[in-house]
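In structure tokens below, several structures.
Two complexes, one shared chain (subunit A), two partners (subunit B, subunit C).
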Partner chain A sequence: MPDALAKRLIFGTLVLLVVIVLSLPTIVVLGASFTAGNIIAFPPEGFSLKWYEKIALAADLRNAFGRSLLVALVCTLIALPAGTLAGLAFAKYRLRFTTVLQTYLLLPFTVPLIGSGIALMLVFGQMRLLGQVWPVGLAACIINLPFMIWAVSSSALGLDPDLEWAAQSCGAPPVSTFLYVTLPAVMPGVISGGLLMFILALNEFLVSLLLTDARTVTLPVQIYNSIRSIITPDLAAVSVVFIAAAAFFVFVLDRLVGLDIFLKSK
Partner chain B sequence: MRPTTSRYPLIWRVLDGLEAAAARLWPRRFTRATPVLMLAPSLLLVLLLVIGLVELGDSSLRELDTSTFRLSATWTGANYLKIATSGLYWTVIWKSLFGALVVTALSLILAFPYAYMMVRTRSGLLRKLLLVALFLPFFIGQVVRAYGWLIILGNQGVVNDLLGLVGVAPVRLLYNYPAVLFGLVQYMLPFAVLMLAPALTAIPAELEAAAASLGANWVKTLTRVVLPLARPGLIGAGLVVLTLTLTDFAMPAILGGGSQDFIANAIYDQFFRTSDQGLGSALALVLVAIGSLLVGAVFTLFGAGTLAMGRQR
Partner chain C sequence: MKAQQRGSTVTETTTIPAVSVRDVDCVFGTHKAVDGASFDLHKGRFLTILGPSGSGKTTLLRMIAGFERPTRGAISINGVPVGAAPPHKRAIGMVFQRLALFPHMSAEENIAFPLIMRRFDARTIPDRVARYLDLVQLGPFARRRIHELSGGQQQRVAIARALVFEPDLLLLDEPLAALDRKLREEMQLEFRRIQHELGVTTINVTHDQREALVVSDEVIVMDKGRIQQMAPPTETYRAPANSFVAGFIGVTNLIPATLLTANGSAVRVATPAGEWPGTWQGQTVPAPGDGVTLAIRAEKLRFAPKDTALAGVDHSCSATVADLIFEGERVVYEFSLERAPNRTIRIIDANPAEHSLLARGAHVTLGFSAKDMLVFPT
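This part shows the complex of A and B:
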């Protein structure tokens, strides 16, 4: 059938193009990080791990990575309880003023990142919190909170309220019902939401740029500051940290909830 | 004789303690307010942002005194007037808006076949491959991806090296408007596909078969059946891409090399280069207003669509 063939050809070409465009930066960064030369060239001059050795010895990069991990951890630890409870509240109860509440909680998503970043910079500045690392995690949590709430509320739609009634009529008090019935039912949403918060905070750039100074830069900001001057292969090796983290999270996400979950319709 | 409660497992004791504490802190008569309690942490977190926005509004109404480098004590609309009358900011705003529209259109056109194939393919392997190719860059930050494009498109980059092999002189591919838009499309594609895919899943494949059996060719099936049904997904995806692009900072900064500023870059410069907090705040609020107007308009016209939280009404 020529008709179906044309469709397959056009769709196939476009999809192939997209796959290439999506993967090219990752592949090139990976390739550049293993070069034996002193500049980034294509094809790479030989294979070596010397740039990895160099970054492992660079204290500023190591510290920046440590701070990024701390930011991601703080963000996830705050977002997990806050977002889970909010997501459940939306899914379980018919709230009054739902639209108002949703619009309010969507603010971090609707307000542009540069706006939220500067707003939080002003607030943290008045609270004398600037110059520390953990407020960056708090800020990352606030600006990404809608994602956590979405993750939980969409998985809670499958939560059967009868299960909670059943637990209670069997004599389970509220906390036990929550821990043994409600929470396990939404666990896939909690886990994928938590992972998402971690990886978003690890990669967080703009808000970190606004909230950090020379002593508290996170890794993305450090990379940004360096690529503005000169591009050397050690930055490629640092970037591989993020590629590895992303690969790890894709793997874990696939194992825990399955990537196909993102194809499901609500 | 030892009391029989000694066989009471530790976890039960912990739970009993928790239940007692919960009952004391949140007695049964408060039950009606439980949803409010559950929302409280999130509401408080977002409150910090709201306070910041109020402060932003306050300083946007204060003009910078260039002799003392302090903001004025009284409110004035001078900053907004400056933005409205200065050609520079209009240029930046139009550049961002136009860029956002182009990126949105391109992202949707490229994301649609990708999402469609991912949803419809019968091969589990292909689906997994497409999912991984999508999620891997999605989880790699903007800075690293922009860095990859610097390596590829730079003057001594991969593309120019390849062109050199066939005898073409180096072409300046970076630090121009198309480079920024290209980087943004690459950044937005995963968002667009992920917003589109669920909407396509909701369309039964039988509908397409029915259209085909009634004599529609694939173009007609696509434009008359699939695209109209995918509208909520297209709206959701378009909205996300549009607002994220309009307000982006990193791609114009890195791939534009300082010459292709979007609104976010202009705001940053006001705060960190010129140190004019008043004008920077006013610009930020103008951007918030443009973004909210766009989102609000689409929400009221078409509903929150795929962006709604919780129950579908």
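This part shows the complex of A and C:
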């Protein structure tokens, strides 16, 4: 009995410690954003929403946020068909060069983002695509696509391998089989993969830093640029908006497919 | 009885068989999964293809369904060669091993799916779905999602989905294998009831010999890609075509031996336990010196305590009880023969309540009739 108690005590302490360490930055930023003073400080001096007012009125931040949304949208729209089909192919067929392909798809994770960023900058520069917003979305899609593929293929691997045969024996030709059976059956993977791609593109910083200029700057880059001049609490407020956006998408994910399914698929 | 069966076969062959398989091979790389399979199945019959795993039974079923292409040979359904027709253009209902129900649909949506895909008149679909839900006794569960149904209920949805469009042929790919014994036996009877009620021609694949005997009108036994025998269950059991069939169905003692003399089908063989009489089962004329396999059913052997005479047996020998397995309604004895102690013989005592059980090590006399000792070419 004392043994069990000690075990619970140690375990509880460890969990608490981890939770504190993980959430501390969020708490600090959250607190700092409500300060009434003029510098980022924690604990905040007084309480005010003035910094939120400021960022809501700041046109550059608003525009940057709009561009970030556009980047996230472009990224998701490309990732949905590409990642779904690739994920299904990996789960369903014994492809030739499967390991080679999988390693290739892992490359964006193993190559430092700065490397991918420079490579994409060179390629896009050559193709004269720099200076527009949508190529940033394409870049975000390229570097994060493995997440989408994994989400879909783990969803597809959980399916009965005879599912498509069953649809055919019901009289469904190949296209109907895909539309009415395969696709709906892997929808949890498609939705969680899609939302993940959206969040990742929304938050993407390093590659965007290399691919954007003053006219196409996205929100994370805009925040970074501001830090380099003066650090004021409005940056904390922007960060809170960011965190809130991410939390919103996690909430949507939970409502649509259930967080437990999403976490299991990883 | 045999003559009568033959007579009915003659009248049936004048009509077109529901399924006709002719000299079908299926080769994967260098592996011949199915080797020269041929059979005819008549309308309304329930056929079970029985065999160990890797015997080619599932491949044969998949070729009939259209999921695999025969490397050689032809398959016809109702007299029409199906050739390269894709599965969705064949009027075949199928129940899959893991059922393969559509997880994102309710029970009734699963059952309606084949009707929608096969372009049934939309106004008739709800009635028809309701009728088949009733047939499989799932009326109250129509709107449940698949994962909200029990294993047995999922089986019923799968059956209804396979039958709702009135297919020419129903295929069952071991759908009962994963169920526990009680539910499996219940579903076997359910399959038979539905099949009788609708009269749909059915091909069932299984490795469960009991299921094959219980549900079928005809049984095909397969091994190593070849059809070993096709016959009604009683004939498969009583007159196995070869030692594989004899050994695969029922509890059978298989003993290697050498042929000594032959007089018509009455033969004498040399076994490790001496010279025994038997009955020749091969197609060819037995030749002395040939290696043979003896097969005798565990319930065809008789035994009595040592020095008690066994009446009505053609041969007897001494043995001791090596082990006994008490199964409630029957006892399976394992005897070791006195003249060949390493050779155990299994005997089923179907009436253990009528006398006291023998103890391990007890001495007994075993006996059998020559007509029950089946002798197959090796």
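One rule holds for everything that comes next: the second predicted complex is superposed on the first by the 258 of 266 C-alpha atoms of A that agree within 3 Å, B and C clash if a C-alpha of one lies under 4 Å from a C-alpha of the other, contacts with A are read in each partner's own complex, and residues count from 1 in each chain.
By our rule, a residue touches a chain if its C-beta (ideal position, glycine included) is under 8 Å from a C-beta of that chain, and two chains touch if they have at least 3 such contacts.
It should be emphasised that the depicted structure is a prediction, and the values quoted were computed from it without experimental measurement.
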Room on subunit A for both subunit B and subunit C (clash or fit): fit
First (subunit B), second (subunit C), both or neither touched by A:L163: second
First, second, both or neither for A:S176, with subunit B first and subunit C second: both
Partner chain in contact with A:A185 - subunit B first, subunit C second, else both or neither: second
Partner chain in contact with A:L49 - subunit B first, subunit C second, else both or neither: neither
Partner chain(s) touched by A:I227 [first = subunit B, second = subunit C, both, neither]: first
First, second, both or neither for A:V100, with subunit B first and subunit C second: neither
Touching partner for A:L256 - first (subunit B), second (subunit C), both, neither: neither
Touched partner set for A:A246, first subunit B, second subunit C, both or neither: first
Overlay on shared chain A, then closest C-alpha pair between subunit B and subunit C (Å): 10
Shared subunit A contacts, counted only where both subunit B and subunit C touch the same residue: 173, 176
List of subunit A residues in touch with subunit C within their complex: 159-163, 165-173, 176-177, 180-181, 184-185, 187
Sites on subunit C touched by subunit A in the complex: 65-67, 86-88, 92-94, 96-104, 113-114, 117-118, 161-162, 165
Touching residues (chain side subunit B, partner subunit A) in the complex: 15, 18-19, 22-23, 34-35, 38-39, 41-43, 45-46, 48-53, 55-56, 59, 110-111, 113-114, 116-119, 127-128, 130-152, 154, 156-158, 161-162, 185-186, 189-190, 194, 197-199, 201-202, 217-218, 243, 246-247, 249-250, 253-254, 263-264, 267-268, 271, 280-281, 284-285, 287-288, 291-292, 295, 304, 306-312
Contact set on subunit A toward subunit B in their complex: 3-4, 6-7, 10-12, 14-15, 17-19, 21-26, 28-29, 32, 39-42, 78, 81-83, 85-95, 98, 101-102, 104-108, 110-116, 118-123, 126, 138, 141-143, 145-146, 149-150, 153, 156-157, 173-176, 179, 199, 202-206, 209-210, 220, 223-224, 227-228, 231, 235-236, 239, 242-243, 245-247, 249-250, 253-254, 259-260, 262-266
